[in-house]
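Each of the next two complexes has subunit A plus one more chain, namely subunit B in the first and subunit C in the second.
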Partner chain A sequence: MSAILEQLAPESTLADDRYADIRRRAHQRLMQHGFPDLKTEAWKYTSLKLLEKRELSTASGDVVASPEALPFSADVIRFDGGLVDEAPTNLPAGVRLEPIDPVELVNLDYGDRAGAMAWLNLARFEQAWKLVIESVLDRPLVLAMTLPEGFSASVHPRLKIEVASGAEAVLIEQQRDHGEGLVNIVQDIELQRGARLRHVISRRNAGSVWVQRTRVSVAADADYRCCALELAGRLVRQDLAVHLLEDGANGEIDGVAFVDSRQHVDWHTAIDHEVGHTNSRESFRILADGSGVGVFNGRIHIQRGADDSHSDLNTANLLLSENARINTKPELEIYAEEVTASHGATIGQLEDSALFYLRSRGLPVDQAMALLKFGFAAAPLEQAQPAAVREWLNADLHSVL
Partner chain B sequence: MLKISNLHVAIDDKEILKGVDLEIGPGELHAIMGPNGSGKSTLGYALAGREGYDITAGSVEFEGEDLAEMEPEERAAAGLFLAFQYPVEIPGVNNAYFLRAALNAQRKARGEEEIDSMNFLKAVRESLKSLKMDEALLKRAVNEGFSGGEKKRNEIVQMAVLQPKLAVLDETDSGLDIDALKLVAEGINAQRDGKRSFLVITHYQRLLDYLTPDRVHVLSDGRVVESGGEELAERLEAEGYAFLEEGSEA
Partner chain C sequence: MNQTAQQVEQVIQQRYKAGFYTDIDSDRIRAGLDEEIVAMISAKKNEPEWLLEWRLKAFHHWQTMVGPNWAHLNLPPIDFQNIHYYAAPKQKDRPKSLDEVDPKLLETFDKLGVPLHERARLAGVAVDAVFDSVSVGTTFQKELKEAGVIFCSFSEAVQDHPDLVREYLGSVVPYTDNYFAALNSAVFSDGSFVYIPKDTRCPMELSTYFRINARDTGQFERTLIVAEPGSHVSYLEGCTAPMRDENQLHAAVVELVALEKAQIKYSTVQNWYPGDENGKGGIYNFVTKRGDCREDDSRISWTQVETGSAITWKYPSCVLRGDRSAGEFYSVALTHNHQQADTGTKMIHLGKNTTSKVISKGISAGKSNNSYRGLVRMAKRAHDARNYTQCDSLLIGKTCGAHTFPYIESANASAKIEHEATTSRIGEDQLFYCRSRGLDEEDAVAMIVDGFCKEVFKELPMEFAVEAKALLEISLEGAVG
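Take a look at the complex of A and B:
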């Protein structure tokens, strides 16, 4: 993978600004560890070799790419080509977008080569923003990231999101890729005491390699709920780690991914119960058609002393063709007492009996199959709130099935 | 309406129907009775076109058309309806959405205009009411979490909305208590308009008490071995299917 290193991380191109020392340190760590390969456990099913074949330019700020219109009212922050020129002036009361203080980036550690893409982000980020939400928002806040056709750069967006004590928000990431570049995002989300965040990820990609690492920390009585609709792309890797740090913290993940030929999606989630009296729930579904590949790894970790914690993890998967592949793995590690932790994993195919039932009522075979796929895929989206957002996600799902 | 001639049907090369002859005219209600394993449900599935139910000999004509040449959805659009013995649960698919999609698919196939949602809802609500079904069922997933009786009644609701020319009811009475049985019978009778035909597959006579069939046929070992009027059903109820054995020995 040294070719990727050469291509992606030539030291001479590192920007010389107040983050320069941070980038240099990250660059050294990246060179030291190298990139993951198929022997790296966390990257066993997902190869980054595709990047070697790409001539990626450096991201520039002059990309203009209008996000798709939304069928509900919302406040939108645009990341055209992955970047924001300057903080928008029309943000709702209690919301700020500002550059991150370098101090906050000094002690970050992404470990060994499994964390290479996060090191790469820290070595090459163009901008580092902090989004602060300090009030109860009355309509969704949308981060619209659009990569236009012909996009062939590498971009490394970096975003910290703070939801202050008592604040509440529906935060939607509307991510649309039409290009063939590299998008390598690192996000840190912090929910302070009693904060509530509904985090919606709606992603539909074309040819870009999309790597996103999201780390969420949840303080006492705070509530984090993620709902994701992943409509694939050439290569997508999402890491989502939720850390339940204090009493009463709640973390939930609902997601569905659809992959077709020449598409690869890999979701690695981890929910870490660091203390007791914390709850989590996760439901993730993959539908794989054509020669598509879907990977799901869901880890639940209940640490020593995190007694009276409760967790439920469920993954269901649908193989729609002989050449499609799904690798799914629930992982439970429990070191505490008085814990309830349940998990289930299934991989199946469309049922002939259900298909016949629908056809016997007059639905043509294509329509019957689409309805069955939709019925399977829509279940995790039922958790999405408010209803207008749920309907928007359902409509998007409908459009691909 | 329906003309079955010397019908042979095999599943996995095992012959289940071994030469069934049956003719149903417009507006007629015929009952098929028979012991377990006689091939009753196979006949229903073969008529509806289930994959794996291979017609190896004979023919089925539905309004002059060869059913064997038609896909299940084409049969539905032509006016054939099968009420399933075990209605299938379809998680995640809304009952009302499904039924409207099915009706519109049939109408489209027949070159008719789509039904608007007002008229659709009116039709569904009426049949739900007559079958004493909760309207909330419309918002639930198809058959999911329905009781056995609700599933069977839901089949009759579908029949009432889809308005087929021929309805094949496969043991719609099984698993119903007497009140539900009466409702289902009323639902069927409400659809009898002198043109619509019915083939009622049942194990017991009790449903037929409310339906007054024009003809009763007894299926045994893949063949129709007896046909008659209502009195045949009564005789079966009184004597059981044992006489079939005697008959074949004689």
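Take a look at the complex of A and C:
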């Protein structure tokens, strides 16, 4: 058994509850496939070797920290170390949070070693939750997860989010890490007919390894829009797959990531047009400074018969220092005819002429550079709604740059 | 009834004009692959000891490897023990001039439109013709010799210029590089060798024409081009094979070395038999092509038009080692019926101020799959390096696939990379425009495709551009409607 398997997947000590069989099966699959290495295509640029050296405890119940205050009114659901803090009583009308029935988890399949972290989640999760949004919410719903200093556990939160037909919501994931553990999240988001979800991910990490896998399914005329602000971390891997399942489904992803020294961020997105008359758009930017490594893999897949689908993917990247690295791979996989699909990718640096322009107007070089970086990074955040959320994201970005 | 069958046959023949078979006595070694076969090939070529050792090392390394499975291809397993690794038309000794070459062979190349005979002097292209495993003749040797250019078959080069071959063989594509390169290194039978001396501009276009003729054989040729400082050469490559129901393997290695300020332009029109409309037969074309811009200010340009082969797996690459060196890749890849292509390029920027440009046009029709797979890598010391990549795909029909897998890696903060890709179908408005001016649908499509590929065609030498355009039109026959 490899070191990483020994470290992460010892025999479970979890209670023999109604999820036990599911965990056992997942554990078997994990042992069968093992963990990905750099030869695994989906993990080509990201190594999990860091985890081999970490002493991770499994206790998570005592991880408690208060989330940062938000500058706008919102309903907040707190996750402490992956567990919802008891059954929240202050949920807004039209929102339910309940444990998932094990039947829903029986047939899950995460494939081979590329999906090892998802198998690990299924083998180790304590409680799987389902969040159901059934009406039009008038203020954002926040899922707050804050890991305090000294956090060194491995936690495996599992959450399903259902947005019912005709419901609308702004869902914000406010994720803050100050520890050195492992967070391994699996999320399934389901948008039913005509539902609308604005999904905001705001993440700022310290030393923890953060792996998150989000699968979104979008039904007829439903609209999923994700806006992400990734303010680095020791090692972050985000998989975000959007499946457009029925006519009129729309999927959009806008994101920006900033990495500095000893930080590694890897975003893998996939937009899958399973039927025709579906639209998608994606724009992702990375700024890499210090010895930071930024990875972006964006895939657009238009399946056979998904005629009249339209898709556009754009990724722009700034390399800001001699030791930083950016690896990007925008993929198109097209099997239908009447489609338009395009992607563009650039890697470059700040324009000297733009810097000169600002300096000639009296700005010191640091400020001029910060302004240019901010201008570049803030573009994808323009899509965030409502305005108060956008300003909050901008302020966060500003504080880092 | 009989007449109809004949007509159908004629149409098929017309679609792949190079699909005939030449009935010629051939000398063929037994099928299979082992140390003895490798030694037999080496002995047939009367090779020096060091080359046999090199082949055997490659063979042993190949035995430790497994075939690549990462390409977007549906590749049935290949029985490497069922292939004849050497087949050559019978002749007593290598002919000293083309007059001594078997007329049947000359006729074959005449039929293929290759100006092999000296009387085709007006064509102004020197040709090395490779038939199955051996070179059957090289034209304009005398004129080239006067200019100091060496252009001969690989086997001759091993005998006549062993030091040059030994210095450069495997220096760009080592036998450890990949599965098919290792296989080729073990069993390569012939190919072309080009050496352009310092400050020499090669007086004419050089060309190699590869022909697979014999049944159950594979072709494993090796091309090595060395351009000394300040030299310039333009090299063309063409290939065809008879129509057969079984698949045949072509695993070649091409190595280019460009020294200071040297320029190499390498053009390919690949027209191996693509298989029939049901996907039966055709050539598996697994080729490793790499150019090394070894010294400053050198330039390597790849241009390829890929219309043939059942399966293509090919990534002509440039290693931009010298400062200010430049790499270019222009490609048109057309797949039809059940053809599969996974092709693209690698641009590895190592030196300062290096530049590269990639223009790739993929056209998919029928039930084919066409993938562009490319890598642009800026190494840490590739200061101020630049890359521009454009890959466009055109879909004709509802049952084909077009894919793009670009890998872009940058470790230098002053390097700039731009990549853009589009996938679309031929617009109804474009078709309507052409048809309203009296063109039928097939001509309209051919015209639009020609426009789509123009950027690449203009990089080809003129004769090849005409041939490439005609090939595309033929390959697209039946793709519409």
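List of remarks:
Please note the rule applied: the second predicted complex is superposed on the first by the 397 of 401 C-alpha atoms of A that agree within 3 Å, B and C clash if a C-alpha of one lies under 4 Å from a C-alpha of the other, contacts with A are read in each partner's own complex, and residues count from 1 in each chain.
Heads up, the rule we're going with is that contacts are C-beta pairs under 8 Å (C-beta built on N, C-alpha and C of every residue); 3 or more make two chains touch, one makes a residue touch a chain.
The model shown is predicted, which means the values in this text are computed figures rather than measured ones.
When the two complexes are overlaid on their common chain A, residue A:Tyr357 makes contact with subunit B while staying clear of subunit C.
Legend: residue contacts after superposition of the two complexes on their common chain; A:Asp37 is shown touching neither subunit B nor subunit C.
In the superposition on chain A, contact of A:Phe374 is made with subunit B only, not with subunit C.
Within the superposed three-chain model, A:Glu104 lies out of touch with both subunit B and subunit C [touch as defined at top]. Within the superposed three-chain model, A:Gly348 lies in touch with subunit C and out of touch with subunit B [touch as defined at top].
Comparing subunit B with subunit C, the partner in contact with more residues of subunit A is C.
Across the superposed pair, subunit B and subunit C touch subunit A at no common residue. Those residues of subunit A that touch subunit C in the complex are listed here as 41, 304-305, 307, 317, 319-322, 324-349. Those residues of subunit C lying in contact with subunit A across their complex are 70, 72, 378, 380, 393, 395-425.
Subunit B makes touch with subunit A in their complex at residues 48-51, 71-73, 75-77, 81-82, 84, 87-93, 98-99, 101-103, 105-106, 109, 141, 158, 162. Partner subunit B is touched in their complex by these residues of subunit A: 351-354, 356-365, 367-368, 371-372, 374-379.
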